[in-house]
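The following pair of complexes shares a single chain, chain A, combined with chain B in the former and chain C in the latter.
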Partner chain A sequence: MSAVLEFVGVSKWYGPVLGLRDVTLQVAQGITGLLGPNGAGKSTLLKCMTGEITPSRGEVRMFGRRVPDPEVFRRLGYAPEIEVFFEELTGREFVAHLAELSGFGRADADARAAKVMQRVGLETAMNRRVSTYSKGMRQRTKLAQAILHEPDVVLLDEPMTGLDPVGRAQMVALIQSLGAEGRTVVVSSHILDEVELMTREIVVLYQGQLLAQGDLHAIRGLIDRHPHHIALRTPKPRELAAALAREPFVAALRFEGDDQLMVETREPDRCYSAVPRLAKEHGVPLLALTSPDDNLAAVFRYLTLGARGGAA
Partner chain B sequence: MSAALSIARVSVLRALRRPSSWWLSALAFLPAALGAWLGASGYDALSVPAPLLVYVAAPLLVVPWVAGVLGEAFERRTVIYWFVRPMARPTALLGEWIGATVTVGTVLLLGGAMLAVANALTGNATMASLARLPLAMLAEAFALAGFSVGVGALAPKHPVSVAVGVLAVTEVALPTLWGPMQSISLSRQVLVLAGLDSSAVLPSLVGAAPTPSLPIAALVLAVFVAIPMGLAVRTVIDRDL
Partner chain C sequence: MALPSPDRPTTTADPKSPAGVVHSLAYTRYAGARRSPAFAPLVIARYALMAQLRQRGVKVALLLGLVSLAVCAAILGAKWSLPTMAASAGFGELGGAGQLARAVRDGEADVLVWALRAQILPTFLLTLWCGAGAVSADLMAGAFQFHFSRPVSPGGYLAGRVVSASGWALCLSAVTLLVFSVERLAFQSTPLGAARALGLGAVAVLLELSSLAAVALGVSSLTRRKGLAQAMFAAIAFAGWVLCHSLGALLGKEWVKSLDLISCVDGVVAQLNHQSTLHGGAAFVPALAWLGWTAGALALAAWQLSRAEVNRG
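Coming up: the complex of A and B.
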């Protein structure tokens, strides 16, 4: 699939502080999670995409056009991380105003505003002033103004901040629906579980550097020097450990409690297929097979540790 | 142009809903009240109230109203909602300028009209003077709004301080130090447009400079706006937010 968004050798300095370092990446259609701890350069990357800031070096392209470009802005929706609006306006007025700036007539803009506020779940609050909105309502308003013109690309900077669990679930569903509609959605977050709920396509940033990009499992492959952990829950962990100890793909075994065996392997695929077979052959009931590594937290931890180690 | 008008309309709406706008507006009517009182007491209704309106009340009204609000929009980055729309960034400045001119222009027009009426009630005024003072105040609103938009965009961290500082230099410090420098004073040009006898209202200041013609006064107002606006347009096009 061709790239919708493209960074070519992008660096950004804020005076002596490096915001981005020689980032080259491509983002294709679908949902992409932009991951990294606070200060990793996620917002800087998004700001380069919107033309909010100009790269010190390199270039950003969207639909083949160099950003910023009015034609790009017609197809771009952006929810920044700031939580302030024009506080004197109602949510509907705010969104309708931005719809007008996107090129819609006044009546059309107002109708679109009402519709999109309904979509983000603010139909009962849209005629209230924004100054009365909670954090969660502000996040939804930001999303509403980002999608009101049905853009091809939606950039969301920390959209989950301030949301309660129900709000988070709704936001995830909204973002997933945007992806399902064929849009390119880039979601930044420093909370790994959040992104994992939305997509497996991730970009990992650390200290302004691109650490990794791709499918979660593909990225996991990049870090194969780190052993993969698989937790097995069984009432007979010692019997299962004895069977596994003879297998060449097992790097280490560790008992955790009375009913859990932790396997370290450098060949997770072989291990995943062998474990159920061995359990069956040795008559060991296997109650659960999970991998604490198979989530973004582990991948992110490994990658950032690697970067720190490399720098040291 | 429709984007600028949309921004202007929202600017007016926001101003109407800010309590501070109403408090600031009261400033424009204090000179008129003073003029009415002086006129009723048998004094000249204009000699003190008119310069008070032009030199003091108008800048105190317009600068926080316009430069303060726009500076805050840059500082808090709410301008980003505009800047990721398919329009040129300077459109936002134009829209804010139009909106500010409508709001502060209305207030100053009314303030000037009330003062003109107060003066007319003394029996000393002509019909022409009834119209010229309000229209001159409208021109001052237009120029100060443009100046404030420019300063708000150029110095968003401290827009009010910077604007007041610039006005203190152009309106007071330089003309006081050297009479001919009154030719760069915005307020002086407004008094000329209002048809007021400058030497009568500010003898200590304006006596040293000849009264400019109406076209020259209008030109000075235009330059007063063009410099900060020009710099601001250039800055917002290139600036990182």
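Coming up: the complex of A and C.
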């Protein structure tokens, strides 16, 4: 399958601050997750695709044409991260306004706005002013304006921010439907699990550099070489540690404070299922079970530590 | 030039096949007509004007303008009716016909001057509200991301903002001018004289609004803080006026007084009315000052917009 989006040696500096550093990647049709902690360069990468930012070096191509290009922009839908916009307009007017800027006539833009607001679940609120919208409604409105003109490429910058669990599930379903329709969808997020619900294809940025790209589970597999940390809070950490020490999946145990036990394991799934069972068998109350490194920051830490080790 | 389409699931559909039909659920890209990007400024302006009308400040300024129009129309009516009555009665040192002719000429000049004077405060407030904060608010909110990911150029955006910054003030001034011209026609003027006053008045209003809008947008493009941009615009208008008039009086140079943003338009209007006190090379100063303010501010705004990404970095 040919690449829809291409970055060739793209670097971007904001004065002395490095936004992107020599990024070369290709994005094919379907959903791609753009991952990275805050400040990794995700938004910069997206803005390079929308032409809002001109790379200091390198070039961005969409459908083989160099961005910025008005013809390409007609086929692009973009939902930025911002939350405050056009507060005096109603949601429907806001979306129709941007549809008109995409080249639709007034009546057509309005009809499309009504239809797309219905698709994102805002049919009852579309005639209310944007200033009265909740964060989740604003996210849906941004998605509506991004897909209203039937774009081939949809770029979504942190679309889950501010959504409640139900809203997140609906947004994930919407994004999945866009991918299933054959569009190229790039979704940026700093939460790995969210992206995992939508796609297996990811691009990972860290400090403006391309850290990893490809299938999510292949990348996770690399991370599984490192032990996972699981934090257990219990009033009897020594009793629980004694029970866990006999288990083969436990690599190390460490006490943190009076009521916390840190478990290191290379088989997190087995550990998660065994801990509640062992606690019950030994009569140890288990107050909390959390995974402090089950997030993207930990993934990055492992990857960057691995890279440093390799370099050394 | 047609762009290549991305790969999509294909539709296998044969209506005659007894085995059935498989429909593609792939999206269909819009292939209909699209308007030219040249329409973008009008779209930006129309929606901005719609949004502005929902703001309390704009409503108040428009109401103030209508009140001012009513008061000034009454004053002008009284002013214009007295010489007419006096001339008709044959009073004064001039003969009735001469006095009437002078009154007609002065009355037509009044249309220009009063159309500007009547709306100076509402116009200033509307430009302050709709123009001086416009680009700042968009910079602060990051609204360029919506605009510039579409076929909208910074120049198109700026053109739309110029129209929206002066749109409501233009409506108010146009109504004022029309009312004064009709009123003038009702009292003494001929249709030709009233039309001339209307035409010259329109030129004066456009000159005033274009320079105000340009400067408002110029300062607005300098900062993301709407309040700061509005304060800077007010300072340029009023402090500039005070400074130029003080310097003019101090140096004894009349032309220095027409250098500021407000007075340069007054200077041009005085020339249109053949009432200017500037002669020789100094006669060009008001027009050059207007050109400098307008072109300079627009160039500043265009430059700032072209590097807006750096502002957001």
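Definition applied: the second predicted complex is superposed on the first by the 220 of 312 C-alpha atoms of A that agree within 3 Å, B and C clash if a C-alpha of one lies under 4 Å from a C-alpha of the other, contacts with A are read in each partner's own complex, and residues count from 1 in each chain.
In the analysis below, a contact is a pair of C-beta atoms (placed from the backbone, for glycine too) under 8 Å apart; a residue touches a chain by one contact, two chains touch by 3 or more.
Note that the structure is predicted; figures quoted are calculated from it, not measured.
Once both complexes are superposed on chain A, the partners chain B and chain C clash.
Contact comparison for chain A: of chain B and chain C, C touches the greater number of residues. In the superposed pair of complexes, A:181 makes contact with chain C only, with no contact to chain B.
In the overlay built on the shared chain, the residue A:17 is in contact with chain C alone; chain B does not reach it.
In the superposition on chain A, A:53 makes contact with both chain B and chain C. Contact with neither chain B nor chain C is seen for A:229 once the two complexes are overlaid on the shared chain. After overlaying the two complexes on the shared chain, residue contacts for A:101 are found with chain B and with chain C alike. By the touch criterion stated above, A:86 is placed in contact with chain B and with chain C alike. Legend: residue contacts after superposition of the two complexes on their common chain; A:29 is shown touching chain C, with no touch to chain B. According to the touch criterion, the shared surface of chain A, contacted by chain B in one complex and chain C in the other, consists of residues 47, 50-54, 70-71, 73-74, 76, 78, 80, 82, 84-86, 88-89, 93, 97-98, 100-103, 129, 145. Within the complex formed with chain A, the residues of chain C that make contact are 1, 3-9, 25-30, 34-37, 39-40, 43-44, 47, 50-52, 54-55, 140-152, 309-310, 313. Here chain A touches chain C in the complex through residues 1-2, 4, 14-15, 17, 19, 29, 47, 50-54, 63-65, 70-76, 78, 80-82, 84-86, 88-89, 93, 97-98, 100-105, 129, 145, 149-150, 152, 180-184, going by the rule given at the top. Residues of chain B touching chain A in their complex: 2-3, 6-7, 10, 13-14, 17-18, 76-78, 80-88, 238, 240-241.
Residues 47, 50-54, 70-71, 73-74, 76, 78, 80, 82, 84-86, 88-89, 93, 97-98, 100-103, 106, 129, 145 of chain A are the ones touching chain B in the complex.
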